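We call the chains A, B, C, D, E and F, going by the order they appear; numbering starts again at 1 in every chain.
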């Protein structure tokens, strides 16, 4: 059996992520989904907690008909040293055989540790982007159609837009 | 829908844990299983990594016929301050309504934060205990019957006994 | 008896802070003054140590005739997770009933933990601002009239302007 | 003006501490009281939070008639390196001229940094000891007479004995 | 015997560093070379690991004919508190008598701890600068002549330019 | 060229270490000497700072006639996760081909990362042991003959025995 690793921050999870996960699941039998920068939340670029992002993933993959037995979700924090991050992933995650990522630093770090890496085929990257979604959330524009229905509902349920708007006004130094 | 939280270290996961999780799943629809002290491994009392413990849980619950759609697994590290640990759990975990635990400090910390807590009915606690299992592993005695078949197979596959025996001889200061 | 919490960085403490503290002390009997980002100093935006900021508060409140029995000063560092910061404050501070703050993230974090929050009435905010004071210190302009006399004297005593001017020239990466 | 530094863990604050603080205040005009190991609580040897210990100090010194204008309370955490601890104290505390301590490591660390150190005259050390008090609390024996009245009342108010008894039963690994 | 301290990040080590070290070695008999921000690597401004920077220093000083018995190399990480950094240096480094640095914050921090500090005479600072070298590496321009021959060879050997170009494309949040 | 890695805590460095380093240097051309637990000092089992241990190594190897061009010294702290420690060593150290160690956990961790490991031939292990030396230092017995002459002189110069005796009396909780 072959198990893949898929790394993202999912701030928030959008339709592009779902599409990519489905594509990857055609190549491996199981997938570990790493929720990166798990310590971050309540920041303009990272509004949601790791727990909230885990809920989004389970809801949206369920909505998309992905069998829950095919994937694991594992939150992983950033490291003080970039060079220890791969060993932290390896410690917190079930064993994996191949890494799927387009992110240059992630690719580089896994490559230096000898892993096999493959790119992810992205679907309308400009549109289905977490940065675009957060921009629309702040501008009061339509962001809902860029995420799964269940994710849109969930973000409203936890008053996510209200949180994002409030923290935007902060002057607290961000570490 | 009601979601419970179940906290353990699972060093290793044994039949008592499985029984307890099944009992708890009669009271709640979904369960978040927290893999506590997730940063620890390669120690006499904590031989397995969080990722290995996640694999054990999925394998054993699958063997026990528990539907994967009913539970989440979330690794959570210890904190420098006991008093921040509950907020770390809350950050990394999907939202939960009730905590299941017999561990006095865990119970106390959640109680101080206003959570509802319930005890876990344990089945032959003296026998089905991770401490007893590690003792048997070290003594070369039969430990296999205290864990699920799939867990015993997995521990042998990753050469877990060999690791435990090797680190037992360490004189490295443990933080 | 009712105790309030007042959060600031006080880089440096100015007359606007003193005015606000006096206003708040009309609503509560005791006040815990949190010196936020206590780990920071020797940075352009955070020139003073937590200990120096504590001295400023005691000197200026004494000058302003505020009874020392009415307030506590507690230094609190930033957290790796925003979501644990409220529990760190709760751990290091005497118990409190209400939070006074205008800072959006601080307000949001306490609100999510169920605290009662009230805004602070600010007096000529543009002028009495720590940012404005640091700008004047760097430009060699009159900053003294924006702080209490005892604070101006103290900053000169510890050669604070000299420190600020020196660190401005740094090229050391700031974490 | 001469300012002293007095370091303790105050788990809990007892009459011996109060007596010592009063003695020291005859030698210096102001005293900074450092609440050491401020990150620790909910442990058998460290049951109380830093905030609770600050409340105890203020209550007991008030009861003892010590003028609040004479002292500061500053919580300071332990350090990963013993050799950085003095600089952390110096950062978080108002400036001080002399250190009062009987604790050998504390004395040694300040001595290596060039500070003047003086011992503390202890009054019936065997009896007025935090270790003895915690032992009595656990054994259900009379501990109240070893602490100030206001401290005994406060500990009961926050249900401190209940907490100590509960955490005693823990099997959670203490970092 | 007099021992000096020389602090740098060496990202990468260039001919200006070598010249400065040689100049300083005319004033002291031994030199401790501190590799600052030792935890950083795989970033645009900090591409090389501390270990790689140590190798560069040994290779280049050997090439320059500097006797290895004259210097030590010690990697030192950044600190959460600027004010503890000098004590971390003092803990990890052999004892030293004088600090050589032009960096304003470094100078200030050592000065506040009572050290003697001297500036470094720089040779064509605009040209022999790590920032200039990284800029040329990214632009595909000639950077080799700004570093020692052995350093140029080493950087090519470890495929340093490839790493720098790859991480430049990252969108991962840098802590 | 082949480079080895030699890991120790050197609390203190003794004749057994010197003998082992000399033996290893017959197998490799260069050796990186890792000063482990570099953050620890001022503890009964870890009295000396990393910087002091580096000085001991250079003095004793010089006394033993080992060419300074053959070895590097690199201080490395303990890690919160044992499983990241090897990547921290790899980041802070020049590249190495083979690890020399008898310490079971060190061996295990490098083995899991795929390194070649060799044992160290020890000379009268019971006698030439840092534990034995610290015991003798505390008991006022002859420890000098177990270390190099230059190390004995150095330890006296920095008043190391006085430090060890003082910290022995501590009651400060050791992290």
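Quick note on the criterion: a residue touches a chain if its C-beta (ideal position, glycine included) is under 8 Å from a C-beta of that chain, and two chains touch if they have at least 3 such contacts.
These numbers come from a predicted model, not from an experiment.
Engineer: Could you name all chains that are in contact with chain D and with chain E at the same time?
Structural biologist: C, F
Engineer: More contacting C-beta pairs: D-F or B-C?
Structural biologist: Between B-C and D-F, the larger count of C-beta pairs in contact belongs to D-F.
Engineer: Just give me the whole-number Å value for how far the CA centre of chain C lies from that of chain E.
Structural biologist: For chain C versus chain E, the centre distance works out to 36 Å.
Engineer: Cα centroid separation between chain A and chain B, in whole Å?
Structural biologist: Here the centre of chain B sits 26 Å away from the centre of chain A.
Engineer: Need the CA-centroid distance for the pair chain A / chain D, whole Å please.
Structural biologist: Averaging C-alpha atoms per chain gives centres 46 Å apart.
Engineer: Among the residues of chain E, which ones contact at least 2 other chains?
Structural biologist: As it turns out, chain E has residues touching two or more other chains at 39-41, 49, 81, 83, 90-91, 175.
Engineer: Based on which chains touch which, is the overall arrangement a line, ring, star, complete graph, or other?
Structural biologist: other
Engineer: Chain pairs that touch, all of them, please.
Structural biologist: Chain-chain contacts present: A-B, A-C, A-E, A-F, B-C, B-D, B-F, C-D, C-E, D-E, D-F, E-F.
Engineer: Quick one: in the complex, what on chain E touches chain C?
Structural biologist: 9, 36-37, 40, 45-46, 78, 80-83, 103-109, 175
Engineer: Can you tell me which positions in chain E touch chain A when the two form their complex?
Structural biologist: Against chain A, the touching part of chain E is residues 39-43, 49, 77, 163, 166-173, 175.
Engineer: For chain C, which residues count as touching chain B in their complex?
Structural biologist: Going through chain C, the ones touching chain B are 79, 81, 83-84, 86-88, 90-91.
Engineer: Going by the contact rule set out above, which residues of chain F touch chain E in the complex?
Structural biologist: 38-39, 41, 49-52, 54-55, 58, 62, 68-69, 72-75, 90-95
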